[in-house]
Structure formats: C-alpha cells, structure tokens
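This structure is in structure tokens; I'll ask about it shortly.
Naming follows writing order (A, B, C, D, E and F), and every chain is counted from residue 1.
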Amino acid sequence: METLEQTLARAAVAAPGAQLSVVKNDSPCAQHSLLVDVEHAYAVAKFLRDDPQLRLDYCSNVTGVDFLDAELSEKVKVKKVVDGVEKEVEEVKKTKRAGYLEAVYHLYSMALKHGPVILRQRTPGRADPVKVTSLTPLWRSCEFQEREVFDLYGVLFDGHPDLRRILMWDGFKDYPMRKDYAEPDDYEYEPTPHDEVLEKAKAHLPKAEVKA
Amino acid sequence: MDGTQFMTFHDLAYDAGKTDFQRKAEVIGVGREGELLEVAMGPQHPSTHGVFRMDVVLDGETVVKLKPVFGYLHRNHEKIAENTSYLGSMPYTDRLDYFCSLTNNWAYALAVEKLAGLQVPERAEYIRLITAELTRVLNHTCLAGFLLQDMGALGTPLMYAFREREKILDLFESLTGARMMCNYMRFGGCRCDLPAGWLAEARKVVAEYPKFLDEFDALLSGNEILMARTQGVGKLSAELAINAGITGPMLRASGVDYDLRKVDNYGIYSRYPFRVPLGDHGDVYDRYMIRMLEMRESLKILEPALKDIPEGPVVDPKAKLRGFRPKPGEAYGRIETPKGELGFYLISDGSPNPYRYRVRPPSLINLTILEDMCLGQTVADAVITLGSVDIVLGEVDR
Amino acid sequence: MPPDKHPYLFLLVFFVMALGFAVGPLLLAMLWAKMFSPAKPGEMKNATYECGLESKGDAWVAFKSEYYLYGILFLIFDVETIFLLPFCVAFTGLSVGAVLAMLVFVLLLVEGLAWAWVKGVLTWK
Amino acid sequence: MAELFAKLDQFPVTLKAWLMNLLQGFLPEWTLPLVSAAISITPILAVFPLMFALTTVIERKGLGRIQNRIGPNRVGIPLTNIRLFGFGQFIADGIKSLIKEDVVPRAADKVVHFLAPIALLIPVLLTYSVLPFGKNMVPLDLPQTGLLFFFAVGASTELSVFMAGWSSRNKYSLLGAMRAVAQMVSYEIPLILSSLTVVMITGTLSLTAIVESQATVHFGFLHNWHLFTPWGLVGFFLFLTAAAAEANRTPFDLPEAESEIIAGYFTEYSGFKFAIFFLAEYLGLFAMCGLGITLFLGGWLPPVNIAPFTWIPSWCWFLGKLSALIVLFIWLRGTLPRLRTDQLMGFAWKFLLPMTLINLVVAALWHLLANNIPLVARWPLGFAMLAVPYWLLGRSFEAKFTKREYRFAN
Amino acid sequence: MDDGLRNELSKQGVVVVKLEELYNWGRKNSVWPLSFGLACCAIEMMAASMARYDLARFGAEVFRPSPRQADLMIVAGTVTKKMAPQVVRLYNQMPEPKYVIAMGACAISGGPFKQGYNVLKGIDRYIPVDVHIPGCPPRPEALIHAFMTLQRKIDAQKLTGPDRARHLNADLPSEFPVPLFGEHDLVPSKNPNVWRPAVVVR
Amino acid sequence: MLGTGILKGMVETAKNFAGSYHDPERLTTVEYPEQRIASKENARQFPFLVHDTEDPMQGLRCVACQICEKECPPQCIYIVKSKDKRADYKGQMQLYPVTFDIDLSVCMSCQICVEVCPFEAIKMDTEFELSNTDRFGGLLVNKHQLAKSNEHYRKIHPTEAAVSDDALAIEVAKAKAKAKADVEAKAKAAADAKAKAEAAAAAAPVGVAATAPVPKPSAPAAAPAAAPAA
C-alpha cells in the first residue's frame, strides 16, 4: 500500500481545490491520518473509495472527537542574540488554539485487504454551526455512526438522509459527549462519595448532619 | 466492484430526499393507510434480544416499513471510560457484548498495546487465542439457540445451547473467577496464569464439543421447518454488505471473504490453519450455517493450541498496572469478535485517562441494513432476521 | 348409559353447566376481589399494552384482502364438504354409477383448488 | 374373572343407573331427564379439567426432561412440605389465577372481551357430549349427526378466538386474531375431509357406531382399527396435523406466537380469563385427540382381542390413548420450531387438502375393491397410491429449500 | 360479648388465617416472571431458568411476555433514563399482586454505570422493589436465592388488618407516575413518594 | 423426503428425554438450595478485608492507603483514614481505616481493588447469597462486615492464599532480616563503641563501665503467626 503522502498527492489531483494535510500520530502504531476540509470531503472520500489502487470500500469506524479551546505550549528553538552572540535558545511558545469538533473515519479495503486510511474532518469551531459533510451516501455504514456523532457531539452532517438523535431521546437538548457537558445532578444517595463527580452527592447530604 | 449501486443510493438520498427503502415502503403502502398497522416491537419484546425496538408498519403480516430505535441501553460507556483510567475501563468492556467479554477484553487490550507499544508474551498470546475461540464457540452456540427460540422452538435448542455454555463458562470461571464478566486481559498479557488442570479440562470440553454440534445438527440443521423458515429470508447482497460495513459471520454469509483473523493476522492466528466458511445466498439460513461451521473451525484451532501452549510468563513485566500513561497519540485496534469487527479507537493526551475512547460496535453497524433486509417480508421473518444479525444491546447502545 | 331421549334437552343442560363452569370461577374471582383484594384500575394499567410504550394509532384496522379470499375459499370448500357428507354416509350402499357421479363432483372440487393454485390465490402474500 | 373386569368396565354406567334409581323415588318425573343429563355431564366436567391440570404439570415436567432439566418438582400438597414430585403445581397456579387482578383495557370492547373466554370454553366442552369414552359410555349419542355436531360446535371456537383478539383492541391481539382465523379456517377443511374417509367406510356419522365398526377382528386377534389401513394411517396423520393446527399447538401455534406477537389474541387477558383460555385450548386439544382416537384408533377398543388387554376397562383404553396423543403433542412442542403464516396456509391448501382428497379416493377404492383384490395386495397398492402424491407434493415443498454445501476460503 | 360470639369469631378467625395461608401459598408457588431483560443480568436470568439451575423447579419458569399475565418483574440489567418510563409503564400494566426483583448492581443503584448521564440510579426511584440482589451480574443461584427471599416475603404478608400487603390496601396506589423525557433529565428525576433513601452522614 | 428432518429432530429430543433418567450429561440440573455446584477456586463475588488476629479490627491488613478507593472503577469503596497509627504485621507503624465501606449495590466484582492493593489486604469472597429486601440497610457493608480471617481466605482460594502468604512471609522475613540487621549493626556499633571505650579505658584506666544500652528489636506484630513458614 502506498504511503499517506502519496495518497494525499493523488487525492489532491482528483479533488482539485481540496485542502489536505497529514496529521501525524506519535504513538508506536503510527497510524497517521489525512485531514480534509469540509467542502471537499465528499470528493476526496469518493476518490478514496473508487480509486482502483485504494478501493477503500469499507468504512469501519466513525468517531466524533471534541477538542476544547486550549493553550498549547510548544518548545521552539529560536535564534536570539544574547549578549551580542547569536545563540539557539529554547523558548516556550504559547499559542491559543480554538476548540473544534472532529469526525474521524477509519477506512479499509475489503477488496484489497488493506488499511486503515484515516480521514478527518474538522469544524471551524465548537459553536453553531458545526457542520461537516456526511459520507453516508458513500458508505452506508456511516449512517448510524454519524447519527451517533450528531447525537452525542452535536456535529451536523450535511447530506445525511436521516439525521436524528439515535441514542438519547428526541427532546434531549445537550450533547453529552462533549468535554464541557454538565450532567444532571441526581446524586442524592451516594454512600461512597469520593471523587469529584461523586462529591456532588455531598450537596444532597442533610446539612445539619454533615460532620466536618 | 463498481460504484453504481451506491450512486443510486446516493442519488436517492440527495435528489429525492429519500432513501430507497423509504421509496420502496411508499410503493407498497400507497393509499392503504386504513389497512396498515403501526406496531412498536420492543423495547420489551421476547425476541428483540434486549431492549431494542423496531417500529414496524404492517400490511397484514407484511412489513412495509421498519425503523430501528436504539438507546434503551445507552450506558455511556465511552463517557465513563474517558473519566476513568485505562485499566478501569477493562471491566467495562466486559459489559459491552456480555456474551463475549474475553474478546472484548482482547480488542481493548490490543488497542492499548498499539497505543503504548507493548509486547505480549508467547503464553499470553496462546491464552488469548484459546479464550477468544472458546468465546466464539460460546457465542455462536447461544446465537443458534436464540435464533431457534425466535423461530418458535420452545426453549429446547436454547436449553441445549445453554447446557454447553455452562461447560465453557465453568472454564472461564475457573480461569478468570467470573462467569460472564471476566475482566481477564491486561495490557501486555493476561491477569493470571492458567490454574492447575485447566488445560486438561479445556481439552475435554473441546474434544466433546463436536458431539454437541452433531446433536444440534441432527436436531435442527436438517429440519424442514427451519429450512423453510430461513432460506431466502433476510437476504443481503455482498455489495450492500460491504458498503454498509457489515462484518463477522453476517458478512461472510453474504459471500465476502473477510475475516480479521486472516486479514490483520493479529495474535498467533497465522500459526493455525483454519478455513473461513462462506455463504452464497446471504440469507438467514446461511448466517446460521456459517456460524455452525465456524464453530467447527474454531475447534480445529483450539485443539492444537491447547497442546502447543508454551510455558512462560503471562504478562509483559514492563507493563504497569497502576499509573499507566501512554504517550500522546492515537491508535485504532480491532479484532474479529464473534459478532464482527470490534474496534477500539483511543486518543491519548498523556494523562492517565484516555482523551477519547471510542468503541466500534459490530452489532450496531450490522443493524444498519435491517430495514432493507426485512422489507416485504412478514413479521415472523423480521424477527428471525434480527435474530440472525446477532445483536447484543450492550454493544449496540454501549 | 342409554342415549337420552331428549338430545336437545341434554345439550341445554350441558350448556348451562358449561356456562356455570366458565362463569363460576370468574364470579369467585370477582368475589375475592371484592372482599380482599380491591381492583385498582388506573390510567396506565388499563391502557393498551404495547411493549411498554404508549400505543399509537388504532388497532382496529381493515383486514388485508387476502384474508377475505381465504374466507371465500373456505366457504366454497366447506359447502362442498357438506355436500360430501351425505354421500359419504351413503357411500357403502351406493352403486358404481353414483360413486362415479360423486367422483366428478370431487373432481370439480379439485379443479377449483387447482384453479386457485394456478392463479396464485393460495400463495399468501 | 372376566365378569369382574366387565363389571369394572361398566362401573360408571351401573353407578349412574343406581343413582337414577335412587333419585327416581323422590324427584318429580319431569326433572329426571335433567338429572340424568347432569349426572352424565359431571364426570366430563370433573375428569377433563383435572386432566388439563395434570397435563400442564406433565407438559412442564416433560419439556423439562427433554431439555435436560427436572421441571417443577417442589410444589406439592398445599401448606405442607410434601412435594409430590411437583404435581401440586397446578393448584398453586389455579389459586394464583383466581386471586389475580382482572385488567380490562380501557379501549377494549368490554362486553365482547368478557364474553370471549366463556364463548370459547362452552363449545369446547359441548364437543365432549358426543365422544364415546367407553363401552356404553357416550353422553349423547346422536346417531344421525354425531360427527357433524362435533365439527359444527367445534368450529365456533374460531369465532371466540377472533372475539378475544378483536375486542382487546391491541395490535398484537389483532394480529393473533387474524392469524387464528386464517389458520383455523384453512385447517377446518382438511380436518373434516380426513375424517370423512372413516364416515365413507363405516357409513355412519354416529361416533359410537364408528367405534363399533372397528370392533371386528382380523387374523383372530387384531382389531380392525382404521389406523391399520393405508388410508386410515395416512388419514390419521393428516387428521393429527390439522388437529394440531386447530388447537394452536406447535408447530402451528402462530396465533399465540410468543416470539413474534407477545401472547397473540390473549395478550390483554389476565387473571382467570387467561386461565380459561388455557383451559379451553387444552380441552380443545383433548377433544380433537378424542375424536382422532374414535375415528382411527378404535376408540375405547384394545388393539388386540386377547385376554389381558380386554380386561382393562374400555374407558382406560380411551384415556390411555388420549394420554399417548398428548405426550406426542408435548414431544412435538419440545422439538419443533414454528411455521410462518404463508407456509402454514400453503401447507393447508397445497399439501393437506390435496392429500385428504386423494385419501378420500383411496378409501373409496379400498372399499370398492374389497371383494376383488385380497388384503395383501390392497395394502401396498393403497399405500403406494398415497405415498406417490405425498412424495410429489413434498418435493414441491422441498424445492423451495435445500441442504446447502458451503465453500471455504483459506 | 358472650361466649358464643367469641367462639364464633375465633372460628372465623381460624378460617381467615387458613385462607391467608392458602392465599400466600398459592401466590408464592406460582410466580410467573415477565419475560423482560434489560442487559447483562438478563442472560444470567435466562441461565437461571435453563437446565443447570432450573428455576422451573419452583414453578417459575413460565416467562410471560405480556405483563397482564405476569406476577413478577425481574429488572435484570441497567435501567437507562430512556428506558425508565417504559419499565414503569410495564410495571403499571401488571395486575396485582405484583412483585419486583431488582437484579444486579445496575438495577439497584445504577451500579458501575451510575455515573453515566443516561443511567437511572436505581429502579426503586420510581417503583417499589421487593428484593434486591447485588452482583454484576449475580450468579443464577443468587437469583434463585432472591426468589426464595421473595417467597418468604410473600409468606409473611397479611391478608387483612392494617399491616396487610400493599396490593390489598385500597388506599395504596397500584400504579406509579411515569417520568417524562425532559430536556436534560427525566422529569421528575425520582418519585419522592416511592423513594425515601436512607440518610447518609459523612 | 418431507418430514425426515423433523423425525430426526424428534429422535434427538427423545434421546435427551430418555437420557435424563440415566445419564447425568442429559440431566444437568443442580438443585440449588439443597445441592450446590462446587465453587471454583478463582471464583469471585465481592471483596472482603483480610485480618490476621483474633480481633478482626486489630488485625486488618488494610492500611487505608486508599489506592483501591481511587482505582475502583465504579467507585464503591469509601475509606476514612485513622489519625493515629498502629503496628502492622511487619511491625511498621501504619494508618488503619476508621471507616471502610463498600456499597455492594454498586460493586461490579471486577477485582481491580484486589489487584492494586499492595498489602494483600483486600480479597474476593465467594459469597453470593446476599439478596435482601432492604436496599439501604442491607447492601452497604462496613468494615466489621467486611473483615474476614486469613483462614477464610485460605479456605476459599487456597492457591492464591498460599502465594499471598508467601509474599507476606517474604516481606516479614525481609522486615525481620532488616530489623535483625539493624540490631546487629547497632550491636556492632555498640560493640565498636565498647571496644573503643575499652581501648580508651585501657588508655585511660578509669573504672567506668561504659555500658551502651542495647536496643531491643521491636517485636513484629502477631501477624506472622498466620503466615506459614515459606
């Protein structure tokens, strides 16, 4: 199987205008992934599916990921003139990163038995509208999984035939898998409270009887 | 394979705003509103295998529309896992597909091992293979029992299946301490070594298992009612199966040769020659028979594996139990569980808890085309089609 | 037990006793409920059961036309079996000619069945 | 010796005569037929419901044994620790059903909902009035119409089942009712046609006469049961199949198919009404079996006309055969999966009906050729005439399914 | 009060006691469960009715799919918030006398999943539970043990008098309000008339 | 021919029916309250606390380190540490749990508390007959209910207990050896000092007996009594 960089190059030809980049993965398994912009996701995915060398006919897994607004600190080597001498100095460079939601697709080929090629789509931010392109028309297997991502993360999938809540009930308002989700407080009876979640239970303890 | 089939689906979805099954439903049900019966099957229904619900529209007995409804067992496994340590999620994986806790364990352990780059000692690989194949046999046995139960055989096949299940559960219990929720595998190996005499017992169970399979075959596989009920019912084409991400015996019943034990070569499967049975019709009977045949193949793996198992440690001494913090990164690990491809997608940010923990549930995705398989068939067919998909709600809803 | 002289009287007595047999326990159950175990009807308890959900839509829908087809088929065959009855009773005393005549009748019956078969009426949809 | 056994055999008859004699003294003349009828009916109302009660336990225990377990064995004599192998189970179940709250859905048609179980039980019980339970033991001998009466009354159970399903206004009940009507209507015809063969040979509709016609003896010892003829053998199995469908027994238990439509037409019934459905269903099965015994298995006759067999009272023979058939049905229930609606209907119309018609013809030929062809030749001939269509019709069914070969990828 | 009346009363008393015993005997020996499984525990519940453990010995293998014919609801498994209204409705639709066994940690308290946003922290928040079985999942024997505990409980119930069983008292409800699906949680999140948790002092 | 498959099936069920009367393979029922399936050696149900002495509270091995509380996935353990310390089986001064509650209605029997416990203090019991009509009173168990003796542990998990005892014995032996070494070192130091003193005394013959007090080794607690000789 070709490298991800080669795939990227060919995909860029097949889907002109697509903004593609490779997201590196530092873990030992080195499953790097292909980041694609929302507008061209469909075209790129179609290329990945139909290209005779790749034939990624099987979309195994669709994952939603939530990244909060974060402050990234990076050690950068900067050349600086210190005391009149140019030196390489390590500096901690802090960048603010806006939070975003991500949809990750793990693609495999059943015909050629290779994979995975990992495709990512990112929303610009975490507030509305958080839209990405649905790949359900290409792979039926995305149907329920994209619904699930919509249900739990609130990511809207453009072009999904039946985008409804799947796991939670219809009147539910929150997106519970988001990192900033606050769950309903019903810890009235917790005889073994100790971590920060269960500490909530203490709020329900009879006030007069709480011992210091 | 060309893309035409999917383009039609795509076109329908985009251009007419309708899926082809919706269109099909309308053609059947047009102008007959007074005769159509809307029935909710589930969440409490004897043959939805748990708290699953099918909203069915019936024309007489014929299904003209079927909408699966999920979430009645959504236990927030992923959210809980993101708030607990890597080790802490291991017992929760038992409760995903509660028939196959050991394969769930393995899939999760495999994903974490990929993420952290851990090695598994030889003996542990053997134990994993043995327990996984026993799990497969167990699951398929129970599935056959449940399928027949759905078909109306009053408990007998299920009782026989559970009789055999107890034998395997005895093995699991004496190895792991629990009947169902084994919580046995650890990152870089297994929790404990085999107890004394376990291998002999396992060999005995494996040696006697074909007897049960023969009995089951005699009882049912040639039964005219079973064949009449299942053949040509719930058909699934290979193209649709691949596109809909169907995995496991259901995919192979449609004739697609895709078994992760062969494709990914994880564990030590490559050391054992076993065959992958394939169906040609993709109907309920094929799915049933593929499972019956897979059990026999599993026994073929088990027999030599129980002989070959080497001595040695069962866990990587470098693996840490507490304070396990993989480096930032991500990994997707998958194995062939009895139900299909079970994958775990983990993103680590270097903290003791996974940043993102995602389960790729085979049961849920195998349900994607439930409506396509059931349309135009009777309620009774819908019930056994669902039964042949082999779902476990703990995994579907997580 | 000699056959009773009044068959219908017998049936009447049987009917009354069977009615008593069916209603008796029901009355007993009602009596029990009245004395000890009060009935507790409720909004939900007396709602239609549907797998734990609220029942939507009416259950009284029109039957599929196939049911009526079978009904008609049944009627035809049932009437014909009624015709067969006296024939059968008298069969042992009949001449070959009469038997042949009846055979023609049975053949007509069979033909009807064959026609329905070929027409696909007997294939339940 | 033989006289003693004969007395034992006729014990119920003499008991009744004795009772009638006793009562004749001080009861007004006009009540005597009523009393006589009541005395004949009481044993029916006592024996068969009790048999039902025992059957529920035996069925549960038998299914248990088939399924490698013990089945009910702890509930015995009430309020004691005597377990009685679990045969007190039905008492507990009965008490439980009596004290259970009766729930009637708000949406239901309450009158019909109440009437349905009663309307089911009464005709089922009435069918017993024409069954000969033993020598001289038929509650009501209708010489002209016995069999017809059985079918006429028995057929009204279909209506009751439909009443139950429709009045509940529950979707599953309705589905169950639809299935029940379609099924019972379809199997009514094979049922009647398969029993008509016997009528044809015996030339009577009186069930007593039918039994007596089987009392003739072959080879000096073998009773001439209709089962021992090719048309009788086939007819009996056709009859049993149709009877199983009429009584909603596995593999034809579609109207109450648990795995598909919850509890079918009695989904909305609770308490004792539900128990009545159960009772009526089993009593219906017993009546069907009883009819089958009368028609094909020589009724209360022993199989052979040899001393130890003839000593056993006739009613014991009847009950014994009945039990054997019940065991067969329990066995079937423990083994088979259920058919689908279309297959069920197809089976009735495309297999049973042609077979019964052919059987009718074979029976006619059997009778007509009786003087021309010896028994030794008639038997294989008749059997062949039935086996060939069986094979052909069976093949047309089997064409739809086959045992398959599977390929393997390595 | 003269002796005759007292005698009469005591006689009646004897009769009432006997009736009560018979009533309780009948009820406890014919407990038909609702065939209703939620999650993992349901498998062990089935296993309990299968060959090795054979709940049938107690006459309790008649799993009725319709609540109208069931006496016992075995809440076997996790009750999610999405499922809770259905469970309560099913319970409501069962005719009296009815019993509830909460099988397994999840049914009692939410168990391992109680920190989940969609998991109900115990079915006893909405309906009264007769017997609790801890375990995850409890062994089939544990279910049989719970079944015997339930039988003992039934046996001790009074037919008349102020302390008679709940279902015999016309003033006590037989059905309980079904919670509604709210925007963030079930509304209400518990039924205070049913659920009176112990006071925890920490 | 139609019906052969059905007949085969019926033969199979008949075999099972008949077999249930003579073949234990075909009658697998174990009549639970009277008969019991032998407990597997590894079987686990709920945790208990191991104690070594007659008085359960004194001999609890638990030192209230709270690792199990932290690692417990469903968080069903609640521990309050003591303010004071007491000697553990090795003779080291340790904290002990003032409160040790386990909510059995939450516990998922995963055994992680046992695995992470560095003190062999919490183990899995095999008791499962815990069904209770009282949820709030019956299923929250405290340390008094949890404490079970090491003998009990040895009875239910003999192999595991032996390993655990060995580990403890090694620990104790190490502690002893260390204590002994300490004592010897001290004695040696004392001897050295004495020798020096003597030398000094010899140097300066003043009749002063410099008797350095020999420190008594702190006696190990009663715990090792339970540990067999490895």
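Side notes on the structure shown:
Rule of thumb we're sticking to: a residue touches a chain if its C-beta (ideal position, glycine included) is under 8 Å from a C-beta of that chain, and two chains touch if they have at least 3 such contacts.
Quantities reported herein were computed from a predicted structural model and do not represent experimental measurements.
Fewest steps needed to get from chain C to chain F, stepping only to touching chains, is 2. Top contact pair of chains, counted by C-beta pairs, is C-D.
Taking each chain's centre as the mean of its C-alpha atoms, the one that lies farthest from the centre of chain C is F.
Centre-to-centre spacing of chain D and chain F amounts to 65 Å, using the average Cα coordinate of each chain. Look at where the CA atoms of chain B average out and do the same for chain D: the two points lie 44 Å apart.
Centroids of chain B and chain F (each the mean of its C-alpha atoms) stand 38 Å apart. The residues of chain D that reach two or more other chains are 66-70, 98-103, 171-172, 174, 178, 258, 262, 267-268, 271, 334-336, 341-342, 397-398, listed in rising order.
Residue positions 167-169, 176, 189, 191, 193, 197-198 of chain A are each in touch with at least two other chains. Among the residues of chain F, those touching two or more other chains are numbered 2-3, 6, 9, 12-13, 16, 28-29, 31, 73, 75, 78, 103, 106, 108-110, 136.
Chain pairs that touch one another: A-B, A-E, A-F, B-C, B-D, B-E, B-F, C-D, C-E, D-E, D-F, E-F. Only residues 37-39, 45-47, 58, 60-61, 148-156, 159-160, 163, 219-229, 231-232, 257, 259, 262, 273, 275-281, 285-286, 289-290, 293, 378-381, 383 of chain B touch chain D when the two sit together in their complex.
Those residues of chain C lying in contact with chain B across their complex are 50-53, 56-57, 59, 61-64, 66-67, 125.
Per the touch definition, chain A reaches chain F in the complex via residues 189, 191-195, 198.
Contact residues on chain E toward chain B in their complex (touch as defined above): 34-40, 42-44, 46-47, 50-52, 63, 65, 67, 77-78, 80, 82-83, 86, 90, 106, 112-113, 115-119, 136-137, 139.
Within the complex formed with chain D, the chain F residues making contact are 1-3, 6, 9-10, 12-14, 16-17, 20-21, 26-29, 31.
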